[in-house]
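Note that the chains are named A, B, C and D in the order they appear, and that numbering of residues resets to 1 at the start of each chain.
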């Protein structure tokens, strides 16, 4: 990861250094950074971000389209060949777009073609805010938009992409909230205490496949020492948490049937707000459980 | 299925007819039916069953072993070749033993060999009371038994097998309870009413595979018109019920996130009592759910 | 209670007998029964009821007002002195209107006065469908109605009163549904089974006072042998069910703190639908419980 | 409240000052503080406390009895007349012992008499760790102890009393944990969010009476800004939390029946660990709720 620059330094440095530092925040559109250099100083990183997007919106539609057109195809041949910016490469990898089967690659190819034919620019989505599942769902949904609505949708994604890039590059006041958290908490209602030592797995669902994202064991307070996901946007998509409830009660010597009525308990949830906090507790006995969106 | 005989007819008929009717209740041991003909009349089917097993237990150990040895190998070559009784064939099919991959077949072959070498008779299990998963788990567990304990375990399975065969062949007073029931009930706690029209699927788990056993839609009372399983023993094993919670609330127009926080809700349970009633309700809102072993 | 008459007999008998049998269904308005005698036969009791109310509605407004005016004051001096019909007396007693303190009596007196001054007829409410609490709440709410709305509200109550009277007097086809049921079910989620032998009390709330309506003990299925209320309308109002959870777990020897975290568990609910089925289960461990409107 | 002294100052000061500062930690037994002055320095407040009790235990039984006998009768005539130490007065007031009816006062008088006759010293209990209800329950339970067990029980209470007095007088390292916390958290599962603005009341139960201890309104996170009880031991006893669930959903315009199925929801719990954290959440919809001992 590139070095982080302080907002105060960006406010003070020469226009050329400013433009060099932020030139790739908008994909292959260094003119945007150049255009906002004269608006300095910025009180917050969010203000800087807003100024960059305002500069794009202030320009003629052709320039706006040019910004959109600079984006590489999602999971396209350029991405496969490595001919995209480092940011783009990393962003696409976050949604497993670099590990597609030939069949999936062909599907993206078809969707990219249909999309560009309809709208005149490539499909843009902030890949770090989505799972592969969600990207495909969005692709098919947005393909049905009318042009005006889709133009706005594409710019909303440019907003998300550039916000994440800025938040990674610049430190200082007014950093936008770009990360979310997924946490859990297990309470053993047979004992009336937090369930300590219970194994937890987190999976991402992609079609019929499951990708394991994290494993953890609950501590004395029934929580995991670290959130299951944190320090990143929570990718929109479907997830399954799996709790070793049967092993937990077996280790306590509790009668629970053979095989145990509850063994591995799966909680399947979807995340819709990448910058949110999802707290998904489990209250369990050997014979019952409940879960809810907590806080 | 063969015609059902009334207990009263069995009590009245000639000894030869009696023996002919019940000759195959104990696998290839028609002498047992012959031996109990003189004990008639039987007040209940359970008494008749008890008398047949008592006749076996009253005999010398060699005769008991002979009874056990008449059982075909589970998923063995005889079963594959169709050289087993019709009852046996049907029983083994109930646990998918007729659909094994070559690898699974080889595993059973190894287990059968090890078992017979250790105990001197084939592994016997009442296949209709177990899933494939559970049969494999029992096989490996019982292989570790000492001979006395395993001899008793094998006879317990003969008890279950013959009880099911008798219950299918004979009608009348005192029929043993051989069937179980799996039911569910869905309550929509957002609305305070039973959830009508919700899709439910039932899967059996076998290793990493899922077999769909049933699909249903809830009625106005939030129940399924028929139990998810009934009129048979509930095979011991792991199951997953899946509820279309997201579609239910979508059809009611309720805000639930996009994608919905809860979409397909899986409840994964194990059944340990084949003759029991498992009632597994789901209480749900778009943001929470709970389940429990009900009654 | 007077003898029940069969609808078929009412359809066949002389007009005078018919009128005599049903003359007091509408409070002191025997002309209504007389008027509908010629409409016989009635296929169902509900049809008979509808015909009686239609006869009232078909008449001039003065006759309708006369019907309303025949009703005694609620908890009024006539009721205190016993100068009301037997039906009226019993109906008022069902809502404890015969046990008012002097202060409550005075409050009713004031409300009756204000109501009659505003609307020109006494406040009518089907007392058997309400608790004392609810009658007072309705009285104050309806006093704020405009005359047209209140005229309709009063007739709706005449509908309820006469429906109950008819349902008690006449048997036969098409009996209207006039009764509700309050039931419960206790599941011990520490054990995974219905909680047997747990004491339950049911209270009606009246202002700050509690009236105990029923006591019961759960059976092997965790239910009460009889509904907590049945064979009558469920009076609209507030109730508290109290469950002896602490004693239950103490009798099972379960650690639950000293004093137990949960001892007597109160569930406070309101009933709004007198003809409905309220099922209020309790799922409990020594450390948690939940309840819901079941079905 | 008297000024708090630093442990470091107590370790350094003259023996007379030390004894003066701590002379009344043990009721009317200043010799104890004198005896431990020579053991200084103490690394922690808990060590100082342990040393004081060790000094009592090291002495002859007569001195130990003398320490017990210095305690005033609970709710006795001395307490009524104000002839007890200020600490004692404040401690007894915390459990409402200063507000007894004549009947209750007489009951204490009888119990005190029976206790002293059986054991030879007054009934001692750390009143700040108990509600009035619990003190009466303990009184009757301990009256049934044999003398050896009760002698130990009385000293355990001296431990609690003196620990609280020391924790109030001395600051510094190793302060014993003497306070508990009662907190709640309300989640609106109809909305999938914390319930903001919900009114909560906390009551202590004493026999059939209720004393309101606190009122609060939930904040945006569904919690109360301050714990319902904190900065003190949680008195052992029975409590009721009442939640304005009906008003909450009414303010959101949600259909919930009329009157609402759930209006004021009472959660009745007992506290058994005065130094513990009791977290008692409420998860609710208009038609269901659950609670549990959380963490």
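To be clear about the criterion, a contact is a pair of C-beta atoms (placed from the backbone, for glycine too) under 8 Å apart; a residue touches a chain by one contact, two chains touch by 3 or more.
Predicted model, so just to flag it, every value in this text is computed and none were measured.
Taking the CA centroid of subunit A as reference, the farthest chain centroid is that of C.
For A-C, the equivalent interface among the listed pairs C-D, B-D or A-D is B-D, as over half of the contact pairs agree by residue number. Here the spacing of subunit A and subunit B, counted between their Cα centres, is 46 Å. Separating the centre of subunit B from that of subunit D, both taken as means of CA atoms, is a distance of 57 Å.
Residues of subunit D in contact with at least two other chains: 189, 192, 257, 261, 283, 287-288, 290, 292-293. Taken as a graph of touching chains, this assembly is complete, with every chain in contact with every other.
On the subunit D side of its complex with subunit B, the touching residues are 189-192, 256-257, 261, 283, 285-288, 290.
Within the complex formed with subunit D, the residues of subunit C that make contact are 134, 137, 236-238, 257-266, 268-270, 272-273, 287-293.
Residues of subunit C that touch subunit B in their complex: 185, 187, 189, 192-194, 221-222, 283, 290, 292-295.
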